[in-house]
Amino acid sequence: MAERRTGDVILDVKNLSLRFGGVKALTDISFDVREHEIRAIIGPNGAGKSSMLNCINGVYQPQQGSIQLRGRTFTHMNPRRVAEMGVARTFQNLALFKGMSVLENIMTGRNLKMRTNILQQAIRWGAAGREETAHRKVVEGIIDFLEIQAYRRTPVGKLPYGLQKRVDLGRALAMEPQMLLLDEPMAGMNVEEKQDMSRFILDVNDEFGTTIVLIEHDMGVVMDLSDRVVVLDYGRKIGDGSPADVRANPDVINAYLGTVH
Amino acid sequence: MLYRENGQFKTTYRADQQIFPILQDRIAIALLLVVAFVVVPLVADAYTLRAILIPFLILSLAALGLNILVGYCGQISLGTGAFMAVGAYAAYNFMVRFDGMPLLAAMLLGGLMSTIVGVLFGIPSLRIKGLYLAVATLAAQFFADWAFLRVPFFTNNSSSGSVSVPSLSVFGMEIESPAHKYLFCLAIVCVFALLAKNLVRGHLGREWMAIRDMDVAAEVIGIRPVYAKLTAFAVSSFIVGVAGVLWGFVYLGSWEPAAFSIDRSFQLLFMVIIGGLGSIMGSFFGAAFIVLLPLFLNRVPTLLGIPISVSAASHLEFMIFGSLIVFFLIVEPHGLARLWSTGKEKLRLWPFPH
Amino acid sequence: MGSFLETLLGGLMVGMLYSLIALGFVLIYKASGVFNFAQGAMVLFAALAMARFAEWIPRLTGLNNKLIDNSIAFAGAVLVMIVLAWLIQKLVLARLVNQDGITLLMATLGITYVLEGSGQALFGNDIYKIDIGMPKEPVFILEKTFEGGLLINKEDLYAAVIAAVLVALLALFFQKTATGRALRAVADDHQAAQSIGIPLNRIWVIVWSVAGVVALVAGVIWGSKLGVQFSLSLVALKALPVVILGGLTSIPGAIIGGLVIGVGEKLSEIYIGPHLGGGIEIWFAYVLALAFLLVRPQGLFGEKIIDRV
């Protein structure tokens, strides 16, 4: 595992609690994420990992606690503001836009950076056309990076699962994020696909210095890729540290394998 | 053999982003425009122009507007007739109350009024979705039905309840004959189709489609649902409003609120669905289908020598109409536009099977 | 005060009838997730069947007993609605199983057109009478409390009672019987219900038949009052705001929504109408429902939908 120059804390989650009616999804969670690192969030199913990401993104509003992002503290996140602050994410269930092609999906990731107004776009000739071409160039770079050139015009719904995952990643990358939240990027993949995806993630972190927060079940991947790991179980934090520390933590072992009474 | 793209390599993104990237398509469209602008006015008789082509053009425009809202942005609207009415009555009021108001200005102002009303009735879409939204848009429809009937201001205190427009002229040219009216409508439709296509392939169009497909994910990318939905309502209502102006001014000449009733709304929705949701071309296909079907149904029995009473014909029309809607939804939910593009795909391979 | 109460009562009566039609909507939506725009056309179709059967049976059989004729006609109409439900299930629903809401809504619009066309082709397009022996005279009630008493229509009273009984029966059906439970399971999740062995197709035929019978009852009552004619299917459009107000998945919602809309319409027409030029009944219900939706998108009793990402 290469040594990465991890920087200061850019995301600090403090005492976060989330409830859905009577169901406590997250209870008093605190952890931080440093710039340029790869931070994994692991835990058994239903531990609240996706809910955690959803809170960071502003999809869910926590009842208690705060999130400090790049020095600014929030009790409620707003999805657009989070996106504007340079945070992108992928989804566990692939929230791709089924009615659009691969190219169009990734282009939507450029949306925040496109500035032409309605009138300019309606005329297209001139500013809007130039802007579209400029962003197309960037997106094509991402398509090259993810090796999905052949599928540009294919409607995403027609692609196999592994390729759809790449498009999801591509769309997040198109936002040129400083922090990338990946929700089970390897789910449903075979060994080769996992190797490809791991390579992409590492490349993104190396080349662009993007901070990565990663939810993952595959322990091998987690141990290999991450700098630090947070472990959740039943909405509570039960471990936090380097992969080696976490692997040896008895609470973590119990959570995964079950306690012997 | 004919429809191959062999040798058509794009070396710039601009070239790849054209509306019609394939050369054969560009030739076909050019030919179509030549026929439409030059050949048809010379060759077609007054009846064809007046009863088939002009309504087809105007309804295509309205369907285009509706398609933007329903097909591209995924917001149901059952109140399109109301927005056409707003456009028509607004333009009428501008023309009648302001001396010397040019036709085009009145048309654009009518569209603008329709936009304002459209955005207003689009506000519910920020909180409610799907079926609930559909019923909410019916509120617009019935309110408009009532307003244009009962509020004398809108009809300029007309005693009969109907309004009529004086003769039309654009830039000093009279628009009297069916051929002139046809060309006027054709020009407007072409301009709007181009503007709409540009919007739809730009980033606003992608915003609309993102909201349609998965609004939660769209938010996470930084798309504002409020902006996307309201612009969809705005652009859609503008186009539908202009279509309303054309319908009242150019096609009907004089009209009452019933011209823009709920039947019109359903008719436009059917056009969009049968033609193809989320397809500019589909709006034209749908309009053609809906305009031609009743004529076809009226002619066929006489051609086959089967006498059929007027009421029986209209019942049959209802039944066939409804059956076709259901048929399309089952067989090709993406409408005629999808059938067309599938056909073109096959044509690209012809004469080879695959 | 007296006339206010009269208007109120009149509104309640009309509201009861809206509720009946809305009930059909809710039944179908609860069990198949389909928003049946064709409910109004079904009311018309059923009423036409009943009216014409009641005419033809004495002609064909020579039986002139009103009760027997009407009963046979009713039975015949019920049969027709069951066959209709079966046809709709087989030809339309079965082939649109996994489509989204808009598509299904459009399909029901198509069915509406088919029903309107075929209903008139089969049964004719005049105005027909339904006479099931409902008393037509008005009656004065509460003469002691209010001077002269309050005038209400006996027919409306009978109709309200019939509607109330029907609703109670349906509520019992859903809560207490196995089929009712199966219907609720299907409404929640088609695939899950299928996976535990509930025969989706049969359930849908049952639901649409029940909705058809509800439509028939509504059609008979309305038709008895107003005569059976094409405009009957338009009345059903009024039931949409009822369903919105009450919540698409709630039977009590349909009832309360219907009463609220019925009363609201009548009161607004009398008290607000004159200031606006009259005739506001055509949009009042919709605007009311719309305003309500902005405050509470799921209606009075509907279920909140939570999106899981």
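First chain written, first letter: the chains are A, B and C, and each begins at residue 1.
Quick note on the criterion: a residue touches a chain if its C-beta (ideal position, glycine included) is under 8 Å from a C-beta of that chain, and two chains touch if they have at least 3 such contacts.
None of these values were measured; they are calculated from a predicted model.
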Nearest-to-centre chain - CA centroid comparison: B
Chain pair with the most C-beta contacts: B-C
Rounded Å distance, chain A centre to chain C centre (Cα mean): 49
Euclidean distance of C-alpha centroids - chain A vs chain B, Å: 41
Chain centre separation (chain B, chain C; CA means) in Å: 33
Contacts with 2+ other chains: residues of chain C: 309
Sequence positions of chain B contacting 2 or more other chains: 216-217
Numbers and ranges of chain A residues touching at least 2 other chains: 59, 91, 95
Parts of chain C lying in touch with chain B, wherever the complex brings them together: 35, 91-92, 95-96, 99, 101-103, 105-107, 109-118, 120-121, 125, 237, 240-241, 243-244, 248, 276-280, 282-283, 286-287, 289-290, 293-294, 297, 299, 307, 309
Chain C contact footprint on chain B (complex, rising order): 70, 76, 123-124, 127-128, 130-132, 134-136, 138-139, 142-143, 145-146, 149-151, 216-217, 262, 266, 269-270, 273, 311-312, 314-326, 329-330, 333
Chain A contact footprint on chain B (complex, rising order): 12-14, 17, 195-196, 198-199, 202-204, 206-207, 209-210, 212-214, 216-224, 231, 235, 278
Residue ranges of chain A touching chain B (in the complex, touch as defined): 57-59, 79-80, 82-84, 88-89, 91, 95-100, 104, 107-112, 114, 116, 118, 121-124, 128-129, 132-133, 136-137, 140, 171, 175
